[in-house]
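The letters A, B, C, D, E and F name the chains in turn, as written, and every chain counts its residues from 1.
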Amino acid sequence: MSIVVTQIDRPDSALVEKIAPFGVATLHEAQGRTGLLASYMRPIYRPAHIAGPAVTCEVAPGDNWMIHVAVEQCRPGDVLVVVPTSPCEDGYFGDLLATSLAARGVKGLIIEAGVRDIATLTEMKFPVWSKAIFAQGTVKETIANVNVPVVCAGARIRPGDLVVADDDGVVVIKRNSVADVLAKAQAREEKEERNRLRFVAGELGLDIYNMRQRLAEKGLNYVDRLPEE
Amino acid sequence: MSIVVTQIDRPDSALVEKIAPFGVATLHEAQGRTGLLASYMRPIYRPAHIAGPAVTCEVAPGDNWMIHVAVEQCRPGDVLVVVPTSPCEDGYFGDLLATSLAARGVKGLIIEAGVRDIATLTEMKFPVWSKAIFAQGTVKETIANVNVPVVCAGARIRPGDLVVADDDGVVVIKRNSVADVLAKAQAREEKEERNRLRFVAGELGLDIYNMRQRLAEKGLNYVDRLPEE
Amino acid sequence: MSIVVTQIDRPDSALVEKIAPFGVATLHEAQGRTGLLASYMRPIYRPAHIAGPAVTCEVAPGDNWMIHVAVEQCRPGDVLVVVPTSPCEDGYFGDLLATSLAARGVKGLIIEAGVRDIATLTEMKFPVWSKAIFAQGTVKETIANVNVPVVCAGARIRPGDLVVADDDGVVVIKRNSVADVLAKAQAREEKEERNRLRFVAGELGLDIYNMRQRLAEKGLNYVDRLPEE
Amino acid sequence: MSIVVTQIDRPDSALVEKIAPFGVATLHEAQGRTGLLASYMRPIYRPAHIAGPAVTCEVAPGDNWMIHVAVEQCRPGDVLVVVPTSPCEDGYFGDLLATSLAARGVKGLIIEAGVRDIATLTEMKFPVWSKAIFAQGTVKETIANVNVPVVCAGARIRPGDLVVADDDGVVVIKRNSVADVLAKAQAREEKEERNRLRFVAGELGLDIYNMRQRLAEKGLNYVDRLPEE
Amino acid sequence: MSIVVTQIDRPDSALVEKIAPFGVATLHEAQGRTGLLASYMRPIYRPAHIAGPAVTCEVAPGDNWMIHVAVEQCRPGDVLVVVPTSPCEDGYFGDLLATSLAARGVKGLIIEAGVRDIATLTEMKFPVWSKAIFAQGTVKETIANVNVPVVCAGARIRPGDLVVADDDGVVVIKRNSVADVLAKAQAREEKEERNRLRFVAGELGLDIYNMRQRLAEKGLNYVDRLPEE
Amino acid sequence: MSIVVTQIDRPDSALVEKIAPFGVATLHEAQGRTGLLASYMRPIYRPAHIAGPAVTCEVAPGDNWMIHVAVEQCRPGDVLVVVPTSPCEDGYFGDLLATSLAARGVKGLIIEAGVRDIATLTEMKFPVWSKAIFAQGTVKETIANVNVPVVCAGARIRPGDLVVADDDGVVVIKRNSVADVLAKAQAREEKEERNRLRFVAGELGLDIYNMRQRLAEKGLNYVDRLPEE
């Protein structure tokens, strides 16, 4: 038996709007270096940058049937997250499903599998982060679950968790941590902006971050010339 | 002893012209989900889209000599398909060979190995689908066969088979199946166009494809809330 | 104990300026097919093309502290080369470090690890060749060496060796060989230019390079039709 | 700040003893094809087969400090599960740590990273499932968490969940599902035993599982000879 | 529609018996360095060595239904060759299917996918060459073809072609070439045996194969000491 | 032009004999965590353990000619190190070359490429560490250098450097550092032996290495129960 969960809690949309402009690297730092998906999840075109609550969808290997079921559970602003129940790089998703998601106001797709029709998806500006690009088609024979917690590319994603994706990759922020991560990201960005001006002016990280003494204590030595081997 | 086959049968050029605009994903579906090359065959720039009869060329590892032999066998509209006799990612092909192929009216290159000078190839708009990008050079010491059947990236390609490549990858269509695949691709495209309008209007695949009953029979259950673990 | 070598010999800057326009594939050929880094070192955007003396920097896995130390050793025109002491794909380098290097006139970064903030790096036009793109952050706990000889992506690089990188990959030229490689690259390019005109005119490599007799001697046979299997 | 959770709930030891003889493939089937770790988790020697409650341990890349912390949390019969906070294949674990775990009665190690001293571990009969074998050493500079939920090789593992590993790989069973999975595994095994006898006697799966009619309905056709291409 | 071809031509069994003791490397050389499967096809235990006519079986991703159909087509002495229609590493095959094949006198399995229950298969001495070891189960929903030509791990295999597998990997010999390859393998082995005695006696390949003059002509130079860099 | 260097300096054989019993992990630690080859270099059988001075040999892709040249340069006790000039996994080495090396008293082979005839090599007890096992044969057309410095699997090896290989992998020790590394390895081993006894007795690393206070200072906290998410 498989289930589709129809009611999920999403983070406050005002918060999502505020956190959306932040990059994946910043948000990942802001929440203590957690929540990153594996580096093999890459955007099909660049630049691309989205943020939204996750609708999660399991699929059988080589079978995209459940994506059609998941589409109905998506609301405007959501991000669809698709995970195969065993590793598969088939092209589960193409231009028709993208048209359907775009018609519902979905922001984009995260899929730990393959995608196809990428020339059309690029023209449509429907962003996808995937493990592969592969024209291999799928069947519609096997059911699975929608809106249950999943592990996608090494990260646990629960329905309604916030997913942010940009050119650096994909990060998930727990639904209840969005406000906290936003505050930390803002603080981090402000500090980085101040430092950026100092870097532009030619100051060194060694001085901006007061590293010289700690480096010396660790045993770092400056020598004029490389000793002979 | 190695051979170069000088007479190969190509598909009717009028058919090739008609099938050329179709995408790899569509054609692969139209011929029963067969003929795809492995997903590691990627275009060096995007978008790119070609179709033409295959001239096939075996090469020894680290040795591009036979490509020069194969060039002479190419006619305007052909696609050159290069396969190493053992796995190799060296840069077998660069701007001079591309200039030579372009001068003969060849549409592009499919190579299960490496390619180099890709900045120039991109400027020239000479499309290549390859397994790797690698500046590593090759020698000219060992001969092999031209225009014999080959296995390229997991797919069997015979000389004169139709090769179609786009941003999604590469597909091969048997020479005698082109008319049949064209008809099926046209039918598929027409049906997809009709469905696309319904997707644009917000209809769901669940309804367009009448999936709800079959999903219920398989045991799909809708629940309001995720049961406690 | 770790060391930072503060005095390194760089190749003559006039020579660097002359060799800079040559591509990686040409230079690699010109120096006898040596010095290439592995093909997994890819530019974060294309086209990109840099040349400059190497400042080398070791880093511990998941620890980018030494990059800050290395920045101070860079002069205008240099290329920073970063190598982890054990394999790691973390995002060691982002927009702040790029700002710092750009402020010092550094041409670009070669890193056998991950990089992040690539949307910003692309906007800044700060070129990076890396093994991965990954938002995963790093710590600052462990020291290592700056300006010692390293092995980067399979190639040995000594401080002050010339590094050239373009869309095809990365090549290192020994500091004392730059003049010699330049001369060979120029000779090669001139010869290729002459041949290019012949290729454009439709001549075949078989004739331009006088290959037909040697191919026949090796046993190459032309047949009309493929023999039956 | 990092935490070490000192009290975790383990499954009933009598249940563990009963489920321990079952293989990974059987248990994975018995719990609805969930809970498998990725196929790159391989035993360092074969045959090997263990089962026990998980003590989970995060480690920084290239840093095995927290394993020493985790050892203290292990009880006889436990299985230690080690996960790096970013991908790393260093040799986190060798014969001294194995001696320490063996002295505490720990059954074995699951580590999504590298291991070393495998000749000694094999002699000691201390089983390890790892992502890599690599002599590369680690430092002790950075702290992380012990006994928090982790994602290991694509599967979520909570402290106290049951981990079973054999030559086929590793599976995790939720702590509260052990009794249920045991019952299903027993039923499955009994059924398989009955079928095995029929297979030994030369009966076909086609008949044992009554597949012939359903295959025909799907469109399977028997032909004497392959039609001409 | 899918087909099962029930009549296939097998090579003469006396020939198969004679060629069976030869190793994969020798046979691959004897037929002109063709017919090797990719190096990722590895035996689940070593040593192992089989030879027999191929029964070929396509399977859908994550679906092992057709293996049951293929079993019925196998005769004593055959080798079953299983190929997924898109890349998949699931565990398609375990101890029950092995029991069934063993009961029919099948020599072993070649599968470009995953296998499980390998501890039992090893005890049973049922040899398998596979792309992966993975406990992930499969379904029985989708049909495909049996005894049609396939591409397995980069090599084309037709039903009835001879498959030989040992610790070095897997090679396919065309059905009609078995006698010819056998003769060449015998000649090669005899020559190698004579050379082996000379190698054992301390003679060098340089002299046994008369290489010194040709090396000198190519430009090989002996120097006492490495010239300074 | 290619060269063969006939005179190389080897480390003192008494030293080699003393260092030979130490494992790769220990020696790598003893020389400051340097000199390891990449983890993809694996022994063809286990257990295996060798130590000896390196004779280095470059080979062209798919061409094993130079191995025959290198054999002549080997003395009893040496280890042959073979590196392709571009990445290649062909089977460069088999039982005849092993017979030749064994007849000369060579300890084993390190090859960043493929090897074949491994069943025979295993019977002969001739140990090989390779990147791949592959029956694919090679030609003898292209020359390269013997006994020049090489980069093998990411590590620089000069002729006469000491190579040690065991089940954990391969490490290179600079010729002039052997005495120093031996002393450090002995000291390390003695210390580890003392600690091993304490581990056997059930003491914890936390106490043996006095880690508790430093962990607390870094911020490690012990809690009874996992806080609610």
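The rule we apply is simple: a contact is a pair of C-beta atoms (placed from the backbone, for glycine too) under 8 Å apart; a residue touches a chain by one contact, two chains touch by 3 or more.
Since this is a predicted model, take the numbers as computed values, not measurements.
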Discussion item. Over the chains that touch one another, what is the least number of steps taking subunit B to subunit C?
Written reply: 1
Worksheet item: E-F or A-E: which has the larger count of contacting C-beta pairs?
Response: E-F
Worksheet item: Any idea how many Å lie between the Cα centroids of subunit B and subunit D?
Response: 40
Discussion item. Based only on mean CA positions, could you tell me how far subunit C sits from subunit F in angstrom?
Written reply: 28
Worksheet entry | Interchain centroid distance [CA atoms averaged], subunit A/subunit C, Å | 30
Discussion item. For subunit B, give me the residues that contact two or more of the other chains.
Written reply: 33, 36, 39, 85-87, 89, 134, 136, 142, 149
Worksheet item: Which positions of subunit B touch subunit F when the two form their complex?
Response: 60-63, 85-90, 134, 136, 139, 141-142
Worksheet, complete the sentence: subunit E contacts subunit F in the complex at 23-25, 28-29, 33, 36, 39, 42, 46-47, 49, 166-169, 171, 192, 195-196, 199-202, 204-206, 209, 211, 215, 218-227
Practice prompt. Using the touch rule from the top, collect the residues of subunit D that touch subunit F in their complex.
Written response: 1-8, 65, 68-69, 71-72, 89, 91, 94-97, 99-100, 103-104, 114, 116-119, 122, 132-137, 140, 142-143, 147-149, 159
Practice prompt. Would you tell me which residues of subunit E are touching subunit B in their complex?
Written response: 33-34, 36, 38-39, 85-87, 149, 151, 154-156
